[in-house]
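Pasting in a structure now, in C-alpha cells, and then I'll have a few things to ask.
All chains are identified by letter, namely A, B, C and D, in their written order; residue positions are counted from 1 within each chain.
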Amino acid sequence: MASLSLRRERIISEHDAVGCIADGMTIAIGEPHPMALVRHIIRRGLRNLTVIGSGLALDILIAAGCVRKVISYYAGGGYWVPVAPAFRRAAEAGLIEVWECEEGILTSGLEAAGKGLPFLPWRGGVGTSLPQVNPDLKVFSDPINGETLIAVPAIIPDVTLLHAAESDAYGNVRHCGGPGWIDLFLHRAARRTIVQVEKVISNEEIRSNPWATTINSGVDICRMPYGAHPFYSRGYYVQDKPLVAEYFSAANVGGAELGHFLDTYCREPQSHAEYLTAIGIKRLLDLHEY
Amino acid sequence: MNTEIPVEQTQSCSVQEIMAVFLARDLVDGEQLQVGVGLPVPEAAVRLAHLMHGPNMELIFLGARMNVAHLDSIPLPQFGWDRRVVRWAESYSDTGHRFDHVNDWAKRVFFVGGIQVDPQGNTNLIGIGEDHRRLKFRGPGSVGTPTLTTHVGRYYIVLNTHTARTFVPKCDFISTVGWGDGDPNARSKLGLPGGGPRYCVTPLCVMDFTESPKRLRLRSVHPGVCVDEVRDHTGFDLVIPDEVPITALPTPAELTVLRERVDPGGLLRSPN
Amino acid sequence: MASLSLRRERIISEHDAVGCIADGMTIAIGEPHPMALVRHIIRRGLRNLTVIGSGLALDILIAAGCVRKVISYYAGGGYWVPVAPAFRRAAEAGLIEVWECEEGILTSGLEAAGKGLPFLPWRGGVGTSLPQVNPDLKVFSDPINGETLIAVPAIIPDVTLLHAAESDAYGNVRHCGGPGWIDLFLHRAARRTIVQVEKVISNEEIRSNPWATTINSGVDICRMPYGAHPFYSRGYYVQDKPLVAEYFSAANVGGAELGHFLDTYCREPQSHAEYLTAIGIKRLLDLHEY
Amino acid sequence: MNTEIPVEQTQSCSVQEIMAVFLARDLVDGEQLQVGVGLPVPEAAVRLAHLMHGPNMELIFLGARMNVAHLDSIPLPQFGWDRRVVRWAESYSDTGHRFDHVNDWAKRVFFVGGIQVDPQGNTNLIGIGEDHRRLKFRGPGSVGTPTLTTHVGRYYIVLNTHTARTFVPKCDFISTVGWGDGDPNARSKLGLPGGGPRYCVTPLCVMDFTESPKRLRLRSVHPGVCVDEVRDHTGFDLVIPDEVPITALPTPAELTVLRERVDPGGLLRSPN
C-alpha cells in the first residue's frame, strides 16, 4: 500500500513564494489582500511590475515604486478615500500606465485565459469611453446576430497571490464564507498561484466537506496567520481601520511621511513574524470579526 | 449640507437622511437592490425600504444575497468591505457567478456615483482631463458600473456633492452610458438591455429626465434649497419646470426606523 | 417591524410546476434527473418539446412521444447502454431533430444566455464535424488574434427542471455534495427554473451556511421525496439499477412492451405519491446511498 | 475476448485486465487522470496506477477531484453515475468551473472511445451514415470529448471491440480530432493546444502512431492474438512493423492490487 507520506506537500516559505516573482512580471493580487506577501515584495524592492489589483494592496505597491502598469477596475479605498492617493499621483504624473477596464471586462479577460481562448466578448462598456482609452479592447460585431460587443483579450498573470482562511498541506484551499469575488478568476487565469492562509488544517478536515474546497491542488501555500492585516480576513478579523487610515494619510502627504510608513511597516520587519511583533498581539486580538 | 431640517416640529433630519428616504420610497417590494462599497446613502436607503415595505426584497452587498426583513436592525457598515454586514446572508453564490446571470437583472436596482455627470445622465469615474495618459484628475476607475448599468432594470445616480465641476455639459470620459446623446432610443441602439437612469439625487435636489430628448430636469429641491442655488451649482442648462416642489420630508416612522434600526451610529448625520 | 410571514413562499405543486410548460417549449432537464416532473410531463402528454437533456430522462420523454428536437451532448445510459434506445430509434427514423453539440459547446451556449450575450466562442469542436452537422454553430476568426473558433449562439430554455437535495420555502437551494455539473448552467440560462427537492428545510438552516446555497431565490420549489427515482439523488439514494435496466430493456423492444412500461410507471399513477406507492417503501429504503 | 491468459504459471487474467495494466503503467505520478462515465478499463487503469506508483496523481470522476492513494481500496463503480466513487473527494469545485481552467490541462490525461476510428486517430461518437438527419446508426453524441481532447496533454483511445466496422479508412463524422489529415502539425494548424492521442488500446492489441505522417501502427498484440487477426479486423492498412511483441502481462503484484483493491467485484473478468 502506497504510503501517504509519498504525497508531496505544497507549503513554502514567504521567501520562496516571492522568490518566484521577477522584475517586470504581471502579478495579480486578490481580495482580501495577501498583505504579508505584498510587504515582502516591497521589502525585496521588485520593480516594473504589472499589477492586477485594487485598493490598499495596489496603492502601497505603487507607493513603494514597484509598479509600472496597473490593470484595475477600482483604485479607491472605500469610505472617505474616493481615489487611492499613490495611484492618483502616479497616474496623473504619467509614472504608471493604466489599463482602463471594469469588473465584467476584467473577469472576461481572466476567464478567456482560463478557458484557453484568445478573447471573450462582453457587453458592459459598449457606448462608454473604455474602448477608446484602452486600445486592447476591440469593439466588434458578433458573428451570430451582428450585435456590437467588446472583445476582451485574455489576461494572463504570471503569478497570482491570494489570501484565504485555510488549506491542507496539499494545496486544497477553503475560504471562510466564500472567496473574494475576483480571487478564483485570478487563480484560474494565472500561470502560478500562491495562497497565503490563516491556518493549515488536516486533509481529513478538507475531505469531510469537499464542496467547501474553493481552490483544489496545484497551488502553493504560505502559512501566514494575520497575513491580511491591516486588511480584513473573513471569519478571522476585521480591517485595522486606524492603520489603514494611517497609510492613506501618509500616502496623501507622500514624500518622507510615506517613506517612513513604508520603512516602518514593510521594509524594516524582515519577515511576517517581525511585522506581527511590531504590530503587537494586543492590537491583533482586538480585531476579532464579531 | 448638514443643516438641521425640522420634521413635524419635533424632529430634525440631515440632507443625507432626506436623500436616503427619498430613494427608499422609490424602491418596490420584490426587487433586488445592489449597492457597491462606500455609498452610505444608498446603503441606508435599501435597508430602510426593506424594513418599511419590502419583505420580498433582496439586498446584495459584497457578493452576498440577503433577505433580512425580520431582523431587529440592519446596521450600516463601519468601513468599506465590512463583511459583518453580510453575516445574515442566504447565499454567497453571486461570488463566482456574479456576471453569469445578468439575464435576470430586470428586477435588479443599482446606484452609481460619478466625478462628472452630463445632461443625458452619462457619468464618469475615469478621470478629468483631455489626455487619458496624463489626466488632470485621476478617478478611481469604473468598478462594475458599466456592466451593472448595462443590464439592471433601472438605476439611480447618487452624488455626495452638487457643483458645476460635477454637472458638466460633456463628460471628459464616459464610464456609464445614461441616455447617450439624449435620443430615447440611444440605449436600445447600443444594445443595452437595462432601463437606464431614473433619478439623480444630490445634496441639493432630485432630478429626473425629460421624455424626448432625454435630459436632466429638476424634480424637487430639498428643504432650505432654492431653485437658483441648484441652477448656479449646475454646469449646464438644467431643465427647470415652472413649479418645483420641495422634496418630501421623512415621516417620523421612517426616521425612527432609519435611526434606530439602520443607522444607529449616525453616519448619515455626521459632517464627514 | 415587518413580519416574516409577509415574505412569499415559493413552494408549488407538481401540477402547477408542469402547468407552466406548453407544447413546443424548450425545456431543460438537469442531472440528477427530476424524474417526478418528467413523469408528470408524460402524464400530461405534452408534445413537440425541445429537450435539453441526457440519458434516462431524455430517452423516456422521447419514448413517450413528447419530443421533437433534442439538444444533447450525450444520449447514452452509462454501463451496458451505449446509446439510449428510444433516442436512437427516433433519430434514425428522422422523427426527432438532433442539435449536435458537446459539453463545452452546450455550456458555452447556456453561459451566453446567462451573460446576456448573443454568443460565446469555444475552441473544443474546432476541426470536428460539429459545425457541419449543426449549422447554428459558426466557425469564425477571433477579432483579437485571428484564431479559428466556434461561435455558439445563446441557448435559452423556457423552463429548466432540476432535482436537488434541499431548499427552504423561499427558493434557496442546497445540493448535497454539489449540483450535477450542468444544472447551474441550465438554471442561469433559463427564463424560469423549477427545482424539485428531497426535503424542505428551515430558512435558518440555509443561513447557517450561506456558502452551501447553490441556487438563490427566484426559483420555484416542488417537494418531491424520492423524486429522482429510479435515478440517483446524491446523499439520499443510489440508482434503482433493476428498474433502470427494465426501462432500457423495454425501450429496446419498443412497441407494446415500452407502452406498458410507460403506462405502469408514468401514466397510471396520477401523482408522485401514487408512483411511490406503486414502487413500494421497501424498495425505496433499499436504495440508501452508503 | 475473455479467454483466460496464464500469468507466470500460477494466475490467469482477462484481456480487460491486460488493457488496464498496460494503461496504468503508462501513467505518470503527478498527472490528473480524468475518466468519463461507463469506461471500466480506464476506470480500473487510473485506480491501479494511483495505488501502484502515483501518490501525487489526481483522479477526476463525475466532477470531483481526488487523491486517494492512502485508501485500502478504490473500487470500480457499479453503474454509471455511481456517486459513491467520489465519497473521498477533496473537492467538487470542478462542477461549476469544469471548463474554466483548461489552460491547466497539460498535465491532464483522458480516455476516449468511439464507434469509428480512422488511421489518423480521429474518432466518431456521432453516428454512421451519410446524412446526419437520417443516420444508419445513431451514436450517443460527443459527450465532452471534443473539448477534453482539444486541451489535455495526451489521451488514449480505448475500445471494447476491434472490428473492421470500427477501424475505418474515414470516419463518417469526426467528434474528436486525433491527427486530422495525418500532418504532424495538423493539430497546431487547427489551434488545438493538447498533445493528441498517444495509444489506441483494444481487446486485440495496442497501437501507436508513426511520426510523419501520423498513422496508426501496431505496437503489440495481446497474448493469444496473432498479427493477421489484427489485420483482418482492421478496415484500413494498419502500419505493421517487422517485429511485433506481445503486450506485457500483468505482474502478480499488479494483479493482486487490481483484483483486491480496484476490482473486487470482477467487472473486468465478467463476460459482459
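To be clear about the criterion, contacts are C-beta pairs under 8 Å (C-beta built on N, C-alpha and C of every residue); 3 or more make two chains touch, one makes a residue touch a chain.
Note that the structure is predicted; figures quoted are calculated from it, not measured.
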Any chain that touches chain D and chain A: B, C
Length of the shortest touching-chain route, chain B through to chain D: 1
Centre-of-Cα separation between chain D and chain C, whole angstrom: 29
Computed distance of Cα centres, chain C from chain B, in Å: 40
Junction residues of chain B, two or more chains touched: 64, 92, 94, 96-97, 99, 151
Touching two or more other chains - residue numbers and ranges from chain A: 115-116, 122-123, 147, 149, 177-178, 184, 210-211
Topology of the chain contact graph, where touching chains are joined (line, ring, star, complete, other): complete
Chain C - residues contacting chain D, complex: 31-32, 55, 72-80, 82-84, 87-88, 91-92, 94, 97-98, 100-105, 107, 122-130, 132-133, 147-149, 177-181, 184, 231-232, 234, 238-239, 241, 244, 289-290
In the complex, chain A residues that touch chain D: 1-4, 6-8, 111, 113-116, 156, 168, 170, 172, 184, 188-189, 203, 206-207, 210-211, 213-218
Footprint of chain C on chain A - complex, ascending: 115-123, 138, 140, 142-145, 147, 149, 151, 153, 177-178, 210-212
Residue numbers on chain B that touch chain D, as the complex places them: 96-97
Residues of chain D that touch chain C when the two form their complex: 37-38, 40, 62-64, 77-84, 86-87, 92, 94-96, 98-99, 124, 126-127, 132-148, 150-151, 173-177, 180, 190-192, 272
